[in-house]
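Both complexes shown next keep chain A, but they swap its partner, so chain B is in the first and chain C is in the second.
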Partner chain A sequence: MEPLSWPMIFAKMVVQFWPVWAALIVTVALSLHFRRRLGLYGKLFDSTVGLLGFVIVMFWVFTALFADLIITFDPIAQISQMKNVSPGTPVPGSDQWYLLGGDHLARDVFSRVVMGARRVLTIAPAATVIAFMVGITLGLPAGYFGGKLDTGLSFIANLVLAFPVILLFYLLVTPEIRQTGVPVVLAAVLFLFPVIFVSVLLNSRYFTNPARRNLYVGAALAVGLWAYSGLAFNADPTGIWSMDPNLLNVFVSVVFVNAPTVFRIVRGIVMDLKSRDYVAAGQTRGEGPWYIMLWEILPNARGPLIVDFCLRIGYTTILLGTLGFFGLGVSPESPDWGSTIDDGRKLLSIYPHPAVVPALALMSLVLGLNLLADGLREESMRD
Partner chain B sequence: MTDWDPSKPILEIENLSISFFTRLREIPAVMDFSCTVMPGEAMGLVGESGCGKSTVALAVMRDLGKTGRITGGAIKFKGRDLTTMTEEELRHIRGSEIAMIYQEPMASLNPAMRIGEQLAEVPIIHQNMPRAEALALARQIIADVRLPDPDRILRAYPHQLSGGQQQRIVIAMALMAKPALLILDEPTTALDVTVEAGIVDLVKELGAKYGTSMLFISHNLGLILDVCDRLCVMYSGEAVETGNVREVFDKMRHPYTQALFRSIPLPGADKNSSPLIAIPGNFPLPHERPKGCNFGPRCDYFRDGLCNARDIPMDAVTDHDRHATRCLRWTEIDWNAPAKVGKITEKLPPGRLVLKMEDLKKYYAVSSGAFGGGAAKVVKANESLTFEAHENETLAIVGESGCGKSTFAKVLMGLETATSGSIMLFDENVQDTPIQARNTDTVSKLQMVFQNPFDTLNPSMTVGRQIIRALEIFQKGNSDAEREAMMLNLLDMVKLPRAFAERMPRQLSGGQKQRVGIARAFAGGAKVVVADEPVSALDVSVQAAVTDLLMDIQRENHTTLLFISHDLSIVRYLSDRVMVMYLGHVVELGSTDQVFAPPYHPYTEALLSAVPIADTRVQKRRIVLEGDIPSAMNPPPGCPFQTRCRWKSQVPGQLCETVLPPVQVLAGGHQIKCHLSAEQLARMEPVITIAAE
Partner chain C sequence: MLPFLLRRVGVMVLTALTLSFVVFCLTNLAPNLEKLARTEGSVRMSDEAVLSWIENNGHGGPMVMRYGQWLGVVPGWTRTDAQGVTRGRCIQGGLTAETAPRYCGILQGDWGTSTVFREPVIKTIKDKLGATGWLMLWVMLVMVPVSLIIGVLSGMREGSRTDRVLSTFAIATTATPEYVSGVILVVVFASATTGISPILAEWGWISGRTLFLGTATSAIDQITFWNFALPVMTIALYGIGYIARMTRASMTEVMTQQYIRTARLKGVAFHQVILKHALRNALIAPFTVIMLQFPWLLNGVVIVETLFNYKGFGWTLVQAAGNNDIQLLLACSVVAVFVVLLTQLISDIGYVFLNPRIRLS
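After this line comes the complex of A and B, so read on.
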């Protein structure tokens, strides 16, 4: 078989991504049709920037979802003749090509980037969600009560923010530090927050009806603590919740550096919102502070938080890329974009494609998230 | 500009139409608006929020923003059409020939520039005046707007001045270029009444001195009567009636103007014998205006087939001075017919003692240093409050901002604990019990209605859910279904459709939100309700309806209402007893009749004189207070009011400056905290007299 020309490579890739296109068309068509009933999400489609960002982000989300259908080869399989081959080289003994060439271990770059999307889009949003829960759970009382609690928590947040991030990462993943158990302790502390968050959320709402409260909070605690034991201590007897120790380190470090910024945003919004009359109305009918924080204040802080959430996923994605680039945390086989770029770096001047392709993927995802955040911010400000 | 003849109108607006263009549709904000302002004349624009009065003002400045556009008509200023001018020409006119004064003074001043620099900028830019000369002019104008110590003010930054002083500076800035036309957009809405009275006097005086024409925008009919020669009443984007102020007030020829006057509490209105008549229905949304007369659906004189058939033009009222109305039936309506009297109710006798405060004090400690160090200062927010409130009774608490009325509400509600004194609520002492420690029963009996309708409901929760939450917290109802039914009953009680339960607060109008707030407060069968300015942020036509609703519910539930307000007109209308507060002190306490008639406390006297009343029969003695309310952080020694009191000279010695006056109890339990002797008090003359017809 002949090597493919660039137009042919693109044509083949477009065809290969068919599930993504189909899903995108369905999503956008449905959203456009119902956009007047969809609140902020619907308004997003009025902004060109927001729509562009949304489409780019959804492209990668669907890529991650349908990765199994898109890939042409196993992302970790090595085919000996294909080491560092240029894009469009046919694979001997099959009717397929290495669409974007092969890397230094003769693996298919195209399939690795597609599979990498799955890795990146699981870790980054999950880490951001945990960081938000930590930031919100601490930021709400700091802003609401103020005083010494606020001073103390803000000081700690500033301390974490003032520490050089990369150095912090290196420390957290060095074997000596790991042996002291610091990452596990950190994980134990940080992963506790989502459990606390959900339990307090449900308790404050349903405490007037003890039977229902016990059911909801009980269920939340059961699931939460089960996942907690598995994720933080790898002690889940069923083995459903578990995390690779390397991944846990990366995850915990990312949450650890992101939470203080979320904390400060939440604290600022709460200080503004707590002087509203509906908060006073809650106080005068005897609501507890946590109900007011979680049900009266937090929902009204959602605008800026959603925008920051999008930006922060982008930031976390880059951070994970950086970590991967430094060879920190993830297993060498992993197709995630950061480590792939690092692998390709060594032969960059001779064979640029193994590094350039994941770099472009990373760039476009972060760009999409930023555009999406811009669009959301712009639309949430309007009427 | 030289060919302009001073006998011609300075501003002539002809058939002006303005629309705002949103993503969804074109929203017409102003339709077919015409008005004429002659030199030296003050024209009032009056109407409810959303009627387009500010849009007209912005159109004159050609400052409608990105989405607004003039879709028809002309605005002629000194004979030149502003709608066709280029940006360059407009820049010459704005600020030098036409100046505008906005509602919020702090937002109109640059916080990073000294007052002198900001004022001098105007002639430097428009007339190329040398800086020294411009500063000298600024100093002179500051003296003109009667600010003390002009040299200090010139060097001050805006935040170092009080709200009233800032607004005077904004007026000074507008006058720097000696404009031919001054547009004032609600210039005193953000200020206290006694400060407002000073500003209004100043505006009138300066208008006469400089011969400036004015376009005065306000929702307050009383202010318009005080300031303007002519007025234009707007409703839903249209001018409905225009003419000479006295003619429109006394011989109105449009049903909306009539309805408006009947819905505001004028002296003589009484909640029991002559209740206010609210305008039925709601203000139409700009894209849902009816065909024909916009006021038609709410009008008593509406006739099908005539009023809703076609667009209605302005029609000149014969025998009147440039008086015109947008009504087809004005010749047929009997304008002298008395209003249909609403339901007359019996005054309920005050019942048992519900609330008793004795010698309540609330001090806040504030530290002045940046790091918590420095000398600790004490703000005395409430000083020795003593009063009682009975069942069925409405006790009004009156005072300007900073008088401690909100702090009092917070202490009573348990959001703050009192420094000393006692609060007895149904034989239970609650002064040291914060709200978390009070039992559900106490909490649900004592509830609050808040001031700002846009803030009182949680924007992300449905109306029904918010009421149900209150029921849950007050432990009302045994099941979800039962609470749901109770919630719907509460909506019925505040006269809202049941379908509103599913709505989000942003889909409701201000008055409707306030009704939900009332429903929520009464969810636990409240016995004492603190209403913190519940209607002051609402439009006048809605105020009447919400006030009446509160009265009805009070009558049914035998509630004690503590009505906090700065609006003396509404206080006179609905309260049984009045408590006047100044700088944390109760200066006067008595029944409504006692407080509104002499003898007065000197502060009450000034307050009564400052309130604008929209009735041409009323004659007022003008008492304008000098200066501003002193800071509660640094109150004057002796009597709190001594710095602004006009009676001080009649008290012998340094008594006012040194000794806090004792409470004098006059006939009928009327309490006044003043050094004036009983004879001097008895010699006081009434502030307001109503001329006989």
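After this line comes the complex of A and C, so read on.
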């Protein structure tokens, strides 16, 4: 078979991504049709920047979802003649090509980037969600009550923020530190916050109706503690919730780096909002402080928080890439973009494609998230 | 002003002590010490031998005491072995047990010895910080003016075409971390097979094989445009977008103020309004942002020095961490944390100086 030319490579890739295009068309068409009923999400489609960002982000989300259908080769399979081959080289003994060439271990770059999307897009949003839960659970009382609690929590947050991120990673994500169990302790503390957050949220809403409260809080606690035991201590008897110790280490450090910034943002917003009339009205009605914080203040703070959430997923993606770039906490087989860039950079000036492809992928995803955040900010300010 | 300053410095010292203690604990964990024993002693040591090596070299005892010794507020350890030879933390460099000082920690200027570079840590740090200082200087010289100009240009007429183009550029650069932009810049400008270098070489415009050098190793001896442009650009690009966006936000806010309209109505030319009235107030917020950008620059420095093999502070940090060089890693951490805290302090003080509306409370 002949090597492919660049237009042919792009054509082949477009065909290979067909499930993504189909899903994108359906999503955008449905959203455009019902956009007047969809609130802030619908308004996003009024701004060009927001729409562009949304499409880029959804492209990668669908790529991660349908990765198994898109890849042309096993992302860790090595085909010996294909070492560092240039894009579009046919694979002997099959009717396929290495669309974006082979890397230094003769693996298919295209399939690895597609599989890498799945890895990046599971860790980054999940870590951001946990960081937000930690930040919100601590930031609300710090901003609302102030005083000693605020001083103490702010001091701790500033401590973490004064660490250069890269140094923290070098201290926290090492094989030695896993032996000492520090990541498990951190996980035990950080993963507790989502459980606390959901329980307090439901309790403060339904405590006037004990029957429903017991049902909801009980269910939340049961599921939460089940997941907690599995994720933090790997002690889930059914084995549904579990996390590879390597991954746990990376995950916990990323949450740990992000949570203090979220804390500061939430605290600032709460300090601003707590002097509003509706808070005073709630206090006069005799509502409890947690009800006011979680059901009066938090919904009104959602605008800046949603925008920051998008930006923070992008930032977390960058952090995960940094970890991969320094080879921290990932297995050499892992197709995640950061470690692929690191593998490729050694032969960068001779064979650029193994490093450039994941680099462009990472850049486009973060760019999409930034544009999405910009669109959301513009639209939410019009309210 | 003085009480404010004193309180800030007090919090800073407290933060520095806490952070250095945390770093000390994390670098002196038992597995790290065992690894150190095996590299310094012998790889085939039995587990008991490792434990006694750790004990005999002053790494035993409670963590707080060891931290105190390292800091220089607790007397250094001494130990007399079976032959009657006394060894100790402070007994080194020709000193005997009698002449050696009792305290030798970082407060006395003794930072220990690096196990990777086989020289005093203080010397390594000084050399490498000098190298990184040049990198930082050039980054600042490129980044600050470019980002301020972009921010002011796009902020002075919000929504114009200039604004759209420059804002898009700014968003794109904030989405490009150093390890991505570095890779792309090398491929475009410093690869003999791809990018623009082969074309330029074919036309005979450049004498070498590539336009820029893909490594900055030679920049340690002599900095030239050709070996330093890519590392500097890589770090600066990421910061430019962020500072430009902050400047733009602050500039658009200033441009809606009453006094700008008054000046315009009075007949002052547009460029005069920008230069004389708007800039002064619009540049307060970016000042803080630039100072707070330093911690992130440190991040960029580590990535870029690794990518371009420039043997500065960031490269040293990676070497220290990768080779379990406890003393050097500790010193690097202290320097890094100190830089971060110092820039925070400067940004706070500068903000108060620049903006008289801020009341000291």
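Structural remarks
Operating definition for what follows: the second predicted complex is superposed on the first by the 380 of 383 C-alpha atoms of A that agree within 3 Å, B and C clash if a C-alpha of one lies under 4 Å from a C-alpha of the other, contacts with A are read in each partner's own complex, and residues count from 1 in each chain.
Simple rule for what comes next: contacts are C-beta pairs under 8 Å (C-beta built on N, C-alpha and C of every residue); 3 or more make two chains touch, one makes a residue touch a chain.
Remember, predicted model here, so these are calculated numbers, not experimental data.
Looking at the shared chain after the overlay, A:Glu287 reaches chain B, while chain C stays out of its contact range. Contact with neither chain B nor chain C is seen for A:Tyr41 once the two complexes are overlaid on the shared chain. Contact with chain C, but none with chain B, is seen for A:Leu171 once the two complexes are overlaid on the shared chain. Of the two partner chains placed around the shared chain by superposition, chain C is the only one that A:Asp374 touches, whereas chain B remains out of contact. Of the two partner chains placed by the overlay, neither chain B nor chain C lies in contact with A:Trp241.
Looking at the shared chain after the overlay, A:Phe233 reaches neither chain B nor chain C.
Touch criterion met: A:Gln179 reaches chain C, while chain B stays clear of it. Between chain B and chain C, more residues of chain A are touched by C. Within the superposed three-chain model, A:Phe145 lies out of touch with both chain B and chain C [touch as defined at top]. Those residues of chain B lying in contact with chain A across their complex are 22-23, 413-415, 435-436, 438, 440, 443-444, 447-448, 450-452, 455-461, 470, 472-475, 517, 520, 524. In the complex of the two chains, the chain A residues touching chain B come out as 46, 208-209, 276-278, 280-281, 283-288, 295-296, 299-300, 302, 383. Of all residues in chain A, only 155, 158-159, 162-167, 170-172, 174, 176-177, 179-180, 182, 314, 318, 321-322, 325-326, 338, 341-342, 344-345, 348-350, 352, 355-356, 359-360, 362-363, 366-367, 369-371, 374 touch chain C in the complex they form.
Taken together, the chain C residues at the contact with chain A in this complex read 11, 15, 18-19, 22-23, 26-27, 29-32, 35, 171-172, 174-177, 179-180, 183-184, 186-187, 190-194, 210, 214, 295, 298-299, 302-303, 306-307, 317-318, 321, 324, 329, 332-333, 336-337, 340-341, 344.
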